[in-house]
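Both of the next two complexes hold subunit A, though its partner changes from subunit B to subunit C.
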Partner chain A sequence: MEQFLSYANGRYLKVSLFLSVFLSIIYVMHEPGQPKNGGTWFGYTLGTISAVLIIWLMYFGRRKRDYFSTLGTVKGWLSAHVYLGSSLLILATLHTGFQFGLNVHTLAYALMCIAIFSGFYGAWTYVYLPIKKRENLKTISAEEYYLSIEDVDRQIIKLAKDLPESLSLMINSAIERTEIGGNLLEQLSAEDKSCLIYKDELYANVDQSGCIHLLVEELSKVTEQQRAVQLKQIIDLFGRRKKSLKILRYHIKTNVLLKLWLNIHVPVSFALLAALMAHILSVFIYW
Partner chain B sequence: MKLLIRYLKKQGQSYATEEVTVTGDTLQIGRGTNQHILLPDPRVALEHAKLVAYQDGCKIVTASGKDVLFNRLMVKNCAISIGDVIELSGHKITLLAGENGCDFVVQVKLSTAKQEPIQNRYQVKFSDLKLYKRSWSWIFFLLVFFACLLIPISGVISPSWMETLRESPLPDDKQWLAGELIKPHKFIGDDCSQCHQKAFQPTTNEACLTCHKTIKQHVPEVNVTEDFVAVEQCTSCHKEHNSRETLSEYSQQVCVDCHVEASLDKLEQHEYGSATDFEQHHPSFSISMLKPVLENKVTTGWDSERLLLNNVDLKEQSNLEFSHQLHMDPKGIKSATGEVQLACVDCHVPALNGLEMKLITMEDNCQSCHQLTFDPDDPKRVVPHGSPADVVLMMREYYAFRFIYQNLNNDVDNPIVKAGDLYSVRKVRRPGRDERLRKNFEQSLNSQTVAAIEKLTKQTVRTEALVWAESRANQAAIDIFERQACAVCHVMTKNEDDEVPWQVEPVALTKKWLPKADFTHHGHQTMACVDCHEADKSDLSSDVLIPDIENCQQCHGGLESKNLIPNTCIDCHDFHQAKDHFFRQLTHANQHIKSLEPITNAH
Partner chain C sequence: MTEQYKIVVIGAGPGGISAATHAAELNISHVLLEASPKIANTIQKYQKGKHVMAEPSILPLRSPIAFEAGKREAILDEWQQGLLQNKVNIKYNAAVVNIDGEKGDYKITLADSSVIQAEFIILGIGVQGNPRKLGVTGDDADFVQYTLDNPDDHKNETIVIVGAGDAAIENAVVLASNNKVFIVNRRDEFARAKEGNLNLITAAIDKGDVECCYNTNPHSIELTPEQEKPGIFVLKTASGEIKIPVDRIIARLGAIPPRALVESFGIEFPNSDPNSIPVLSAKYESNVPGIYVIGALGGYPLIKQAMNQGYEVVEYILGNNINPADHPLLENKLEHLPFDLGVDEILSLMQTEIPVFTPLSALTFRELMLDSQVHVFEPNIEIFKKNDYTNSFYTILQGEVNIVIGDRVIKSTQGNFFGEMSLISGRRRSATVLSGESCIVIETPRRTMIKLITSVDAVKRVLDETFITRTIQAKFAPKVTIEELQPIVSKAKLNQYSANEVLFAEGDEANCLHVIRSGSVTVSKKVAGKDIPMTYVAANNVVGEMGILGNTVRSATITATVKTETISIDSDSFNDLLAKSPTLRATMELEVQKRHLENTKLESESETGDILSFLMQQGLGEATDVLLINEDTCVGCDNCETACAATHGGTSRLNRKAGPTFAHVHVPTSCRHCEDPSCMKDCPPDAIHRGGLGGEVFIDDSCIGCGNCERNCPYGVIQMEYPKEKNSSFWNWMFFNAGEQPGENKVKEGDNIKKAVKCDMCKDIDGGAACVRACPTGAANRVSPENFINVVNI
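Then we have the complex of A and B:
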C-alpha cells in the first residue's frame, strides 16, 4: 500500500520539493516595495498556482472513479495528489505573506490546512493501518470471528442449560449484554461496555472477566466431577469469546480510522472550494 | 466395512433423505468437498473431525483445536455407541445400527436454523454510522458558499440591503476584510464602498482625494520629462489592509527605480545627483540658502539658491556681523550683568519638534547684552530696534524734552514738575557739564541748520532749545549708527543727501537649510550641538555651519547596514513634498484647493 509514496522512484516528491524550495527562495528574494502579501505580482503568481493545484487535487476524487481512464495510473495520481498537496501547504502559506485575520481569506487557508493535514493522516493510515489490521486478524477473516462467536454462544447456551438457574441466567445475560461496535465514538474507542446480570444486580463484564470470575468461583465450590468439567468448558468458551471480541473491537477501530479521515478530508475540501471562490471573488470585487 | 451416510434435509414439515454408502472404516467430517460427511457451514472447519468405526461402536477424533459436543460436553475424542448423538455447530450426527448390509448408519441432520448473523445485531461497520461524504460535502459547500459569498454579494448589488445585513446578525462584507485598516483610516469602519467604489475596479485616486485634498505630487508637471514615468496611482505605493502602522513602510526600491539616474529640477534649475543608498551612493547635501537681491548695491529682497554643501566657496550673505566663536567663548562674554557663558540653546530654540529653530530676534536673543543705549548720562535709556528714522526721531524727542527739564531746575518742588519727573537723568546730571559741552555739540550742526532753526523760531529760548536738542540727537545718532550699537552687528550705509543719512542693510537668516529633507533635532538630543555644527570654530557669520552627509554617515547607514542605523529614503525625504503641485492636478486649475494649504515651505 505504501507504494504510492515511492511511486516512480519518488518522482512527485522531487517535483514538490523543487517547487516548494524554488518558490520559497523567490519569496525571500523578492522585494515588492510593500509588505509581502497576496496582492503583489509574486503573490498573484503563488495564488494562481495554489488555486489551480486545489482544483486539480480535488479532481483526484473524480479520477479515481474513472476506471477506463488511461491518463496515468491511479497509484501515480495518488502519489502526485499526496506530494503536490503537501507542497500546496507551503505555496499557500507564502501566498498569505503570513498575514492572517478573522476573515474569509484566512477561513479558506484554515480549511485548506485541515484538508491537507487530514490528508497527511490519511496517507499515514493507508501505509500503517492495513499492516496492523492484518496482524490483528491473523490468518482468518473478521466474518469468521463473528461466526465463531455465534458458535461459541450456542455451545455455551447448550452447556449452561442444566446449571443452577442463577448461573445459567448470568451466562445468558453475559451473552445478551455483550457490546461491540456502536456509535462513532464507541467504535473509535474500542472500549468494552459489556455487562451481565447476576442475582438481579448489573455488573461490568469487561473482556468477559466478570462472567469468568463468577464461573471460577462456582468451579471452586463444586465437588461433582461432571459439573466441574462442564464449568471448565464454559470458562474455556468464554475465554475464546473474549479473544475474538478483542480482535474484532480492534478491527472495528482500525476500520473506522481508515475511513473516517476521508469523511473530514472530502467535505472540508468542498467547503474549501466554496471559501476559495469567496476569497478570489471578494478580493476582486473590492480590488 | 461398509458405512451408510444418511442426510436428513428439512423439506416443509418432513425430512428428505439422501443416502451415500462408503466402504472403509473412517469417515471424514468437515466443510471441505473431499469430506465424507459434508457440513456446508463456515463455522465447521474444512477437516473438522473423523469418525472411525470398529466392530462394536465408533470413535470420534477431532482435528487439532476443534471439538464436538457430546453428551453436553465439549470433547476432543469420544467413543460413541449406537444411539449416541454428537453435535457440530448445530448439525447433529447420530450413530444408528446397520441395515441393508451396512455395518453402521450415520445419520446427519443438517441444522437449518438460520440465526441472524451476530454482526447484524450490532453497529460494527463504518457504513452503520451513516456518515455520508457526499451529503456532508454538499452541506459544507453550500454553507460556505451562501454565508461567505452569495449573501455578501447580494449586499454589493444593493447598498441598502448591505446596510440591513450589517445591522443584522447575517453575514455581510466585513468578512472580506483582508487585513486591518491603518489607524487613521479606522473611522471608515466597515463601509468598504468609501474606497472600493466600483466592483471589480481597483481603488481610484479620486477615492483617496475625496479626503486627501491637499496632498501634493512628488514631481511638478513642469519637471516631467518624456522618459519620466510618473507614479500615477496612490495605490501603487499605498497598500491598505496590510496590518501595518503606516502605509509608507516601503522598500527604497520604489525610489531607487527612478533615482538611480540623476534628475533635473527644471523649476529650480538644479540637478540632483543619483542616489541608491544613503551609505553607499548618495550625493552631497544640497542646501537652500538665502541670497540678497541687490539693486545699486542695496539689498531689495531675498532669493533662495540651491547649492551643494561640498562647495568650498560657500558663503552665506545675511548682512549680519556675528561671530559664533566669540559668543561661545568658554571663559564667558561680557554682558550687562557681568560675564556670562552662552549655550547654543540660549539663542537657538527648537520649534516644530526640532524640525526648525525659532526665529532669532534682537529683542529675544541679543538685546539683553546688546542694549541700544545712546547717552552715557542716561544708561537705561535705549532706542527702539527699528528703522533709523524712528531712532533719530526718538532721540530728537528725548533731547528736546530733556532741555525743557533742565530749565525747570529752579522749580523742582513744583508739583507739576514732579508729576512729569519721569526721567532719572535729572538726578545723575553733572552740573556745569552741559554748559561746557554745549559749544561742542552745537558745532556738530552746520551754520545753515542753526540759521534755519533761528529763522524758524525767532525766539531765543526756542532757538536755543531746538539747537540743543537737535545737536545732541545728531551727535548721538552718529555714535550709535557709526560707532557703537548698530554697526557692531549690521552692515550700515550712509547717504548724506537723505534726511536720515544712515541705512541698515536688511538681514535675513535662512530658516530651513534642508527643505527637501526632514531632519529633526528632537531625535538627536543625545548629541551636543557642536558634534555636528562647528560653531565654536566659526568666526564669521558667512560660515555655513550645516554639516554635510559625511557627518550623518558616522551614525547613519544604508538600508543593509549592519553596524550603523539603517535608513531608507523616506526616513528623511518626504515623497509628497513639493512646492505647489497637488496630486495629478495642475495648480492653475486648483486655486481653491491651493488656498487650503496652510503651510508653505520657506526656501
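Then we have the complex of A and C:
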C-alpha cells in the first residue's frame, strides 16, 4: 500500500521541485533595476503565489472535515499539502529578497517557518511513529493489554487474599496506586509515578519494582512450600503487569506525540494568517 | 362437565386476539386460551416504551381490533379494551399441552389437566416458545419469574438467578449493583455465554458482586409468608443442600421452541430445518383438518399480517370464501399484465407455467408473489449485468430472455428460471441477461427464495440440478449442449463442508476437481511441517484442477474457511469434458501455470501465511468486502470514524479501536458484507438487502427496531441507535461555535425509536467509502477477500 509521501508516484514532490527550481532561475535571471524584493513585479508574483498557497494550505483543515467532498482523497491532499507547503520555504524566501528586519513582514515569515518546520516534524511522526507503535505493541492491540492487566489484577487479588495482612494491603495498594497516563506532561514523559503503601509508609513503585522487591524479600523468608508457590505466582504476575504497563506507557506517549505537534502547527498557521494580512495591508498603505 | 366451543383459539398474540374477537363479533361460541397471565406475551416482552411499527404500511388492516403504529403500552391497552368491548371469552394461564380427536370434536388439554372441546382450532402460538420452567415444587410462587422487566424496580433484595446463558448473566450483572445476587449454574463454568458476558460475570464473581453456586441444581422452594423474606430457595450442591432466604427468583433457562408441541398435535413440517414452517392450504388449514395455523407460526412474521389472518381464518371456518386482505396488493401487482384474468387465475396460471413453482402450496405461492415483482419488458432491456451484486431470482412467465456469457448468447424460454447462481453463492452475477420478445418475468427477492428452498425440498432439488448443469456448462464446456452434458452432470456431486473441514490434503491422490458453489477455501502448503496458507479462493472458482490435469497427487491442501458447498467432478467425467471441448485443456493449463507462479512467489513468505490464517480465523472467509487498517501507517486520528458519522446521520458504523490485530493488519469492527449474511435471516419487515454494484448489505427505512439483526450478526457490527439531528454548516461551527462538531450530531428530540444502523459501503455517497477517502495516511482500505494477498503482502 502506498504512503502519503509517495502518493501518485510523488506527483506533488515533482510539482514542488519544478516550481521551486523554475522560480529560482527566474529570480536569479531577472534584473528589476531596484532591490530584488517583494516590491518588484516578480516579487509581487512570488508574494501572491505564496499567499495563495498559504490560504490553500489552511483550507486543508476544511477539506479534511468535508467528508462528502469528492475532490480527491484526504491522502492526496495531505501529500500535496506536505510538498507544496515545503516549497514555500523557497518561494517566500525569494519573495523577501532576503530583507529581514524587526517588522510585521518578518514576523509573518518567521511564523511561516515555524508552521513549516512543525509540519516537517509532524510528517516525520506520521511516517515513523505508527511503525514504532506497532513494534512496541508486538502483535496484539492496546485494548488487549488493558484487558490482560485487569485479568492479572483479578488473579493477584485472589491470590493475595490469605497472605499476612501487611502484605496483602501492600499488594492491594500497589495495584490501586499504579499510575498510567495522567496529564499531558506525564503522558509525554512516560515516567512511572506508581507507588505503594507498606506498613503505613508511602514508597515509590517504579516498574512495580518496589512491590516485587518486597515480595522477593518475603519469599526468601518463608519456609512453607505452599506459601512459597503462592508468592512466586504473585511475583510472576507482577512481572507481567510491569511489562504490559511499560508497553502501554510507551503507547500513550506515542499517541500524544502523534497529536501534540498539531497544537503548534495549527495555531501558528492562524497567527501566520493574521500576520500575513497585516503585512499585505501595510505594504499597500505605506509603500 | 367439559366446556365446549365451536372455535378454540390458542395463543392470544395479535393473530389469536383478532380471530377470537371476530368470532365474538359474529356471536360464535369461542374461547381464547393464553398461556401467560397477560395478552400477547411476545409484545409484552418488547422493551418498555418500544415504538411498535405497523409494517407493511401498504397492507390494509382487517380486524375488529384496532392497530396503528405506536407505543407498546398504548397498543396493548387498546387490544385489552377491544377484547372487553367485544366480550371475548379469554382464559389466561391456560397453556395448551395436548390436542386429541378430529375435526368437529377436538379435545384440548391444558396444563392444569382440564379439557376443553372444540369443533375447530386456530393455532396462533407464535414462534417465541415458552420459557422453560424451574420444575421444582413451589415454582408457582409469585416471587418466581422468568423475565426481568426493569432492573431499577429492585433494590436491596436478595435475588437468585438460575441459568448460565447470556440472559441470566446480563440480569445478574445489572441487578448486582443494588441487590444481593446469587447465580445458580448447573455446571462448573459459563460455557454457553458470549465472550463479553463471560468476562462480565467472571469479573463480578471475582469482585464478590455476584455469588456463584457452581455445580448446583434447584431443589425446591419453601414459602415463608410470616418471615421477612417471602421464601427459601433450597439448592443442591455437590457438597450438600444449602438454603437461601430470597425476595425473588429469576429463572433464565431459555425457551422451548414450539415446534415439538405443534408436531405433537399431528401437524407436519416439510423437513428438519429449524426455519421451516408447517405446510398450509390457501385457507391456512394445516394437514390436520380443522386445525388452522396463523401468524408467526405460519410464516407471517408481522403483527398486521397476523391480525388480518385472524379475521380471515374465522371467515374460512364459516365457509365464506373471502379474498385475503392482501388481495388488492396482488391485484395492483398484476394489473399491468396483458391477461384478462382474475388474481387467483393468474396465480394458478403462473404455477402451471413455471415448473419450479408447481410444487408449492397455493398459500406459499401467494406469499411468494406478494414479495415478488412482475416485469413486462420491451425487447433488449438489461435485466441485470454481469458483475452486478444483485441476488434476486427470476422466472420467465412468458416470452424469452437472452443470456450473454462472453461472446455467446443463450436463449432461455417460458417456464425457465435464471439468476439462481448469485442467489446461491452470494457473489456477483456471472452473466448479463437481456429481455427478448414479449418478455414477462417474475423477480423474487433472495430472502423469499431462501425460505422457499429451506421449506420445499422439491424446489431445492430443481435448483441444485440446474445449478450443477449450468456451472459445468459455463465453466468447462460452453459450446456443448445440455443434453450432451447430462451424463457428466448426473455423475457430479454436491458436497458440503463445515468451516475448517479439509476438501483434500497435500499428497492425496488427485481424483476430482471442485467448483466452489458457496463459501470459500484456503490453499495451503506444508512448509517445515506447518501448514502455511498461501491463498484464498472465493465462490465460483475452481480448485483441484492442477492435480487432475497432470494426473498427479495433490500439491496443496484445500480447507473450507466457512460453511462451503462445492460441486465435484471426477477425473473420468473431466476427461470427457476435455474431449468434448478441445480448447478447454489449453485454457486450464494456462490457469495452472499462473497459479504455480503465484505459489512459488508466496512460498518464501511465511508471515503472509500467518496473516492470512489470522484473517480467516476472524471469519473473513465469508466476507465480500472488509475494512482493514494498516497499523504501520494508522496515526490514530479517527478521521475514518468521524467521516463515517458525518456522512451517515451522526453515527459511526465502524469502531476503529475495537477488533483484533495481527502483525500490521487490524480488523476494526465494521460490516464485512458477508456472502450469506446472518443479519438478514430474521428481519420481520425484510429490511436488510444486498445492493447493486458494490454488493453492500444495507438496512432500509422499513426497519422496525426489533434488534434481531444486532443479535444475529456474529461480528457485532450492527448498533441500535436513535436518529440524530442534521448538523449546522462547518463554517458556522468553526467561526461561531454553532452546532456540533462534524460527526457529533445531537440525538433528535421527540418520540423516536432506536433503529438498526450499519455500514452500507457509502452506497448513496458520491466517491464511495468515506472512511477510506478520509484517511490522511491511506491506512484504511476496503478489500475483498480475493485481494487479501495483495494487502497482506506490503
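The rule is simple: the second predicted complex is superposed on the first by the 285 of 287 C-alpha atoms of A that agree within 3 Å, B and C clash if a C-alpha of one lies under 4 Å from a C-alpha of the other, contacts with A are read in each partner's own complex, and residues count from 1 in each chain.
To be clear about the criterion, contacts are C-beta pairs under 8 Å (C-beta built on N, C-alpha and C of every residue); 3 or more make two chains touch, one makes a residue touch a chain.
Here the structure is a predicted model, which is why all the values come from computation and not from measurement.
For subunit A, the partner with contacts to more residues, out of subunit B and subunit C, is B.
Look at A:54: by the touch rule set out above, it reaches neither subunit B nor subunit C. By the touch criterion defined above, A:180 reaches subunit B but does not reach subunit C. Using the contact criterion defined above for the overlaid structures, shared-chain residue A:158 touches subunit B and also reaches subunit C. Contacts of A:143 after superposition: both subunit B and subunit C are touched. Looking at the shared chain after the overlay, A:4 reaches subunit C, while subunit B stays out of its contact range. In the superposition on chain A, A:252 makes contact with subunit B only, while subunit C stays out of contact range. In the superposition on chain A, A:271 contacts subunit B only, with no contact to subunit C. Shared interface residues of subunit A, touching subunit B in one complex and subunit C in the other, are 143, 147, 150, 154, 158, 255, 259. Of all residues in subunit A, those touching subunit C in their complex are 1-4, 7, 62, 64-70, 73-75, 77-78, 125-126, 129-131, 133-134, 137, 139-143, 147, 150, 154, 157-158, 255, 258-259. On the side of subunit B, the complex with subunit A involves touching residues 42-43, 69, 72-74, 87, 89-90, 115, 117-119, 122-126, 128-129, 131, 133, 136-145, 148-149, 152-153, 156, 173, 175-180, 192, 196, 199-203, 237, 239, 242-244, 249-251, 253-254.
Residues of subunit C that touch subunit A in their complex: 199, 202-203, 206-207, 630-637, 639, 642-643, 646-647, 657-664, 666, 730, 734, 742-743, 765-767, 770, 772-779, 781, 791, 794. Those residues of subunit A whose C-beta lies close enough to touch subunit B in the complex are 31-35, 37, 39, 99, 101-105, 107, 111, 143-144, 146-151, 153-155, 158-159, 161-162, 179-184, 187, 229-230, 233, 236-237, 248, 252, 255-256, 259-260, 262-263, 266-271, 273-275, 277-278, 281-287.
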